[in-house]
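Listed after this line are the structures, all set down as structure tokens.
Here come two complexes built around chain A, the first alongside chain B, the second alongside chain C.
What follows is the complex of A and B.
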């Protein structure tokens, strides 16, 4: 009791400090974030308005240059195309797997198999990919057994589809876990009530499972989208700095600009991309807020 | 109904096998002798005719490539230790700094808390390419390019573990903290005796996810390290242009994968909790 009273007195004396006391826990971390991320990012924003050679203020010139740059447009186009194709496939496939696995006793083992690719380093994957998708590789061998004609997968537009498959292969387990967490949040009572009313399995799925998974759906979409930027790892390892143009992604572009010291272009592109992502992240926040209603 | 269920299971099992296939492929290749590899992969490796072929298990298993790596390739050990230094350097830093920050966000009030939290979330979600130039600018100024610390320090201040651990700390009831305070516990004691033990599964989850991330880290070392002696295993792409080396390449890939596999098998439950923690509303 005595100690408590003393505590309140101190807090009255230095109320201003007290208000910030909790922040002390965050201080080391925030200081690091400031030095390594926030201040340098501010510098990048500043640089995006400066000329490459003389560091003079040039207004929006850098932005205009990259928006006319064919490599930039190609990378944006590929990235958008990639995202629009593989994210719906991934999300639906993961949902189907999650629903089936969720209802079964042996789901755990299969889920482990799907999660395993998360642990496999990209360099190891690249070795397998090179042997599988080579023009004389395993995939073409199997295709020939089936009487089909193979092709040089990585040097034709099919490279794009290889990348789609890689992304799904790597992220399926992750999304299954997220969907299963969503499924676990649906109360069993609702299902029982519906079954008593004579609803079949399919009807339950459509009218109970899907609507209840809506909050998970938003989250999974955004997280899958953000993970899709990491598919560059496999693309780079298999195809190098200048891959087939169908898999030339934003990260390839940034790497090439970095090597040429085109920091002005990099800065402008980083600002544009971060603004777009920022919009998506705020959207996710809103989805989370509406999810708890 | 029964038929449909069986059919779904069949597809799922097939998909799971497909997911595991690359792993089996690597392991089996690493135990194959030179001649066997030549028979199977000659077509890809050195452009002889026909197609590559690959059985699931080696016919004449051998440990030769592993022995070769352990005895004859010191540069492999250097890379292995670089990977270890990066991964454990980052994780040790995150353990201290990230855990503290998570505790602060979970249980204390201070001005502009929501704003700080939003900044942390944005930093967590931005891909490397957006932060690449900023990262380079600061490392250049601190003279940390071409230095392992240039990879480790930004990793320590990653906001991802803060976010994961935060979720677990939130679950600790406030009443527990209040009663400990009434009993005279100081703030650091609350952290040490309550937060750390109760939130330990969250901390482990963050560490498991962090291990998998930093063990396969590619973009940062590729961008910021020029000297070969600093390269971690995660950017070592073995040469497979000759059969002699392709055996080593398989063994090297398996050894690279092994620590991640152990962490995965040992920490799968934590991994799943960590994945979920990253997605659930606070």
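What follows is the complex of A and C.
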């Protein structure tokens, strides 16, 4: 009896340990996230209610200031516009390319070629941009030969579309690889069964491929969205702190605010931006979860 | 099960190691600063071990009072009997003279004046002379005759008796000479090799080793086909020849080239070429001076030892040019130098460095000074300040150098990070920085207490950044005046912008970008409205009127300007490009109708000579959309997060003292009135009894402008002083707006876009900036 009681206690303790051991294993990662992400983020939230240098409590003043700040509103508008235009184009184009490549026997080889832009350093890309789109650059030279008038591309609204094309060119290969990985995960048996039932290629694509790519869609959207922030590097290297207003992004604003000690405004804007991003990602996740169910 | 336990244990250990590893990566140990190189031999004291006990021992600098005002010192040596001998020119009467000190420089007595043949200024002049260790001297007397200049070498013995060395300098090969001034060759350097031979470098870089007895040539070192020999030094029996790329060593007896000293080459590459050399062990080792300080090198050795860090004393000052180094012993040395900013009248200074074993190797306190661009006035002032404060090390950092390629934006971001991390500078030179923003953000400390005991300053300049509560968070230590110079046909001092720019083509042939930048200073201050936004109409008006004054753009003139800059063989810095003096020869020789630019120093002789070439030539304020503008320069501010705020205040107070304000390196006029007068009155020419003239050459070979080197007349001093007193408006100092205006404005002057299009482009960029 005594032995039996002891045995029960041991098994109870083991159960408790097993229940908590999962937390123990994620503890190092959680600690890293805490130190490098959560605590700094908490500090940013704290700073959004303080003065820039004197750390005086100012309440919601910083939020009010940035919401009235035309530079902030312009940066938000441009960033949203850029994201709304780029991401759908990129995702659809990458999917089309991925499907075509997946069916081609040379797909693997061509896929690698699409990844080349990702390997190019941002500085090299920026130099090529300058060479091409400068008011006395190659593009204007070619246009001149064709009898057309050139312009200072980077100082006109065309700068925005140059940025869009650059982003798509650079990220297309990466998204193709992700879509192809998703395509590889779909069992060939499903297609065969559908074809036996008389389904054509288009029907297979609509009813088999697309639904099965939903998990990949979530990942690709989030990654493309996050990669869209990196386009700032090229824009900054080509046009500096103050580019044409059509490509003035959130990162330009943060960069310039940091230089001018505007930590108060930076913190408030960062909090707003992070909340919007979090909301969008949660929405996307919810859409994905409902799709999976 | 056992295996599973092992796996878990290993995993736990690995995770723990990763966490600990990441934590140790954040430790601050890496920030400990490297030891400085100012110790005689840091291991002698060995006190750096645990970091608590500070290393001791440093050379301290002191001025040595010279017996007379030397106009020049040619050489200084410690003779074999221990006497210190100086040969030079008496600044008061021009006598070539020899002085001795028997007590290591404390007291001096005249040994003798050079023989009368050398003193004859009517028929020639002396430009080089050298001493031997036995007290003889050799003087290069350039005799001016009908056939041109001939060189006569006078050997003067220990007692002052002179004799001519029968040596005739061969005519230089392959050099073209003007028929007006027939010079066959020139002696460019001279020095003793022992006491019986001389080394003479000619204008082609060829070196002759001759006998002082009969003038016969023992050896010739010819570098004309390969590289120029820049300097010759003698260390014991070794001849060291510094070429443009390396140090060549020759045996003085055989003339044979010796093996290259790799460590010496490397150290010279790192610390710069020698300015002066000496030895105390018959040439086993050498001591040499560079702008980095004093170094010791043992021939055949593998390392160079830095004995004095030039950043802690006058040796590293930008206007300090060593003439001679005399090692008294291992712990004492004398340096004779040309230092226009020294306290010695005439600008010739003698400094003594003495080893102090009790002084800490590195000063206890560190004052961090920061600027975007290198500031020569600051460097000069730092060396003076440190001499008076031996316990303070001023760590001056200029963020943007030609080597590092850092942009203004990157430099400012780094500065922001450092200030917010509490590791920023104490004192900031705010030139090129957003001063107003820094004041608004509370980055800068109020300096009004520093100026509470009001000095004799131009208050209108001093208070450029004073706010409504009387706080002065930034203060310009210097200033420049947007000025114009021209003949009465094109320019009348005091005329307004409308009248000036209505004269079509009055600014023709100027560089578009530079022209816009110059007028930005005289106009930009009128564009900012009360709400800090810019007045679009005024910018359009500015560009339209300036385009009219500029006329049609001729891009060939830009090529001419480039050629001119390249031929001068120098990198033209930003301030120089916009300075008034940069265009004075173009004005004198008719390429420009009017010269405009920033006036930061008064070279009266030159300005007067240019005026005389013009019809009723005169100078005055640059016409602009706002009147009485000045450009604040060397703007000082103390960081509100400074680690040494009191010391920084002391430094600011010093920088506004008469002594520091008199330091002139072309960075602007002093704000202190007496110093201002001192830098414009041309007092350095008061002893110019020979009627020496300055000569400036234009872009073309036949363009030559001679000008008198004379003190500035009282009338001219008064004119400039009253001009300064009339200045009331600080120029708009905002590089973001300026860059946008210069970029777009240049396109207007070149005819690429209309003023309206340019204004739109400027406003588009500037509006975002202002909105931020």
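In the analysis below, the second predicted complex is superposed on the first by the 225 of 293 C-alpha atoms of A that agree within 3 Å, B and C clash if a C-alpha of one lies under 4 Å from a C-alpha of the other, contacts with A are read in each partner's own complex, and residues count from 1 in each chain.
By definition in this document, a contact is a pair of C-beta atoms (placed from the backbone, for glycine too) under 8 Å apart; a residue touches a chain by one contact, two chains touch by 3 or more.
Not measured: the values here are computed from a predicted model.
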item: First, second, both or neither for A:258, with chain B first and chain C second; value: both
item: Touching partner for A:211 - first (chain B), second (chain C), both, neither; value: neither
item: Touched partner set for A:53, first chain B, second chain C, both or neither; value: second
item: Of chain C and chain B, partner touching more chain A residues; value: B
item: Which of chain B and chain C A:138 touches, first, second, both or neither; value: first
item: Partner chain in contact with A:244 - chain B first, chain C second, else both or neither; value: second
item: Which superposed partner A:266 touches (first chain B, second chain C, both, neither); value: first
item: Partner chain(s) touched by A:28 [first = chain B, second = chain C, both, neither]; value: both
item: Partner chain(s) touched by A:147 [first = chain B, second = chain C, both, neither]; value: neither
item: Common interface residues of chain A - those touching chain B in one complex and chain C in the other; value: 25, 28, 32, 35, 255, 258, 263
item: Touching residues on chain A, where the partner in the complex is chain B; value: 3-4, 19-26, 28-30, 32-33, 35-41, 43-44, 47, 96-97, 100-101, 104, 110, 112-128, 130-131, 134, 136-138, 140-141, 144, 169, 172-174, 177-178, 181, 201, 215-216, 219-220, 223, 226, 229-230, 232-233, 236-237, 250-251, 254-255, 258, 263, 266-267, 270, 273-274, 277-278, 281, 285, 288-289, 291-292
item: Interfacial residue positions of chain A with respect to chain C in the complex; value: 25, 27-28, 31-32, 35, 51-54, 69-71, 74, 155, 240-242, 244-245, 248, 253, 255-263
item: Of chain B, residues touching chain A in the complex; value: 1, 8-9, 12-13, 15-20, 22-23, 25-26, 41, 43-44, 47, 50-54, 96-98, 100-101, 103-105, 107-111, 116, 118-123, 125-138, 153-154, 156-157, 159, 162, 182, 184, 187, 191, 212, 215-216, 218-219, 222-223, 233-238, 240, 249-250, 253-254, 256-257, 260-261, 263-264, 268, 271-272, 275-276, 278-282
item: Chain C residues within the chain A interface of the complex; value: 11, 15-16, 18-19, 22, 409, 412-413, 416, 419-420, 434, 437-438, 441-443, 640, 736, 740, 761, 764-765, 767-769, 771-772
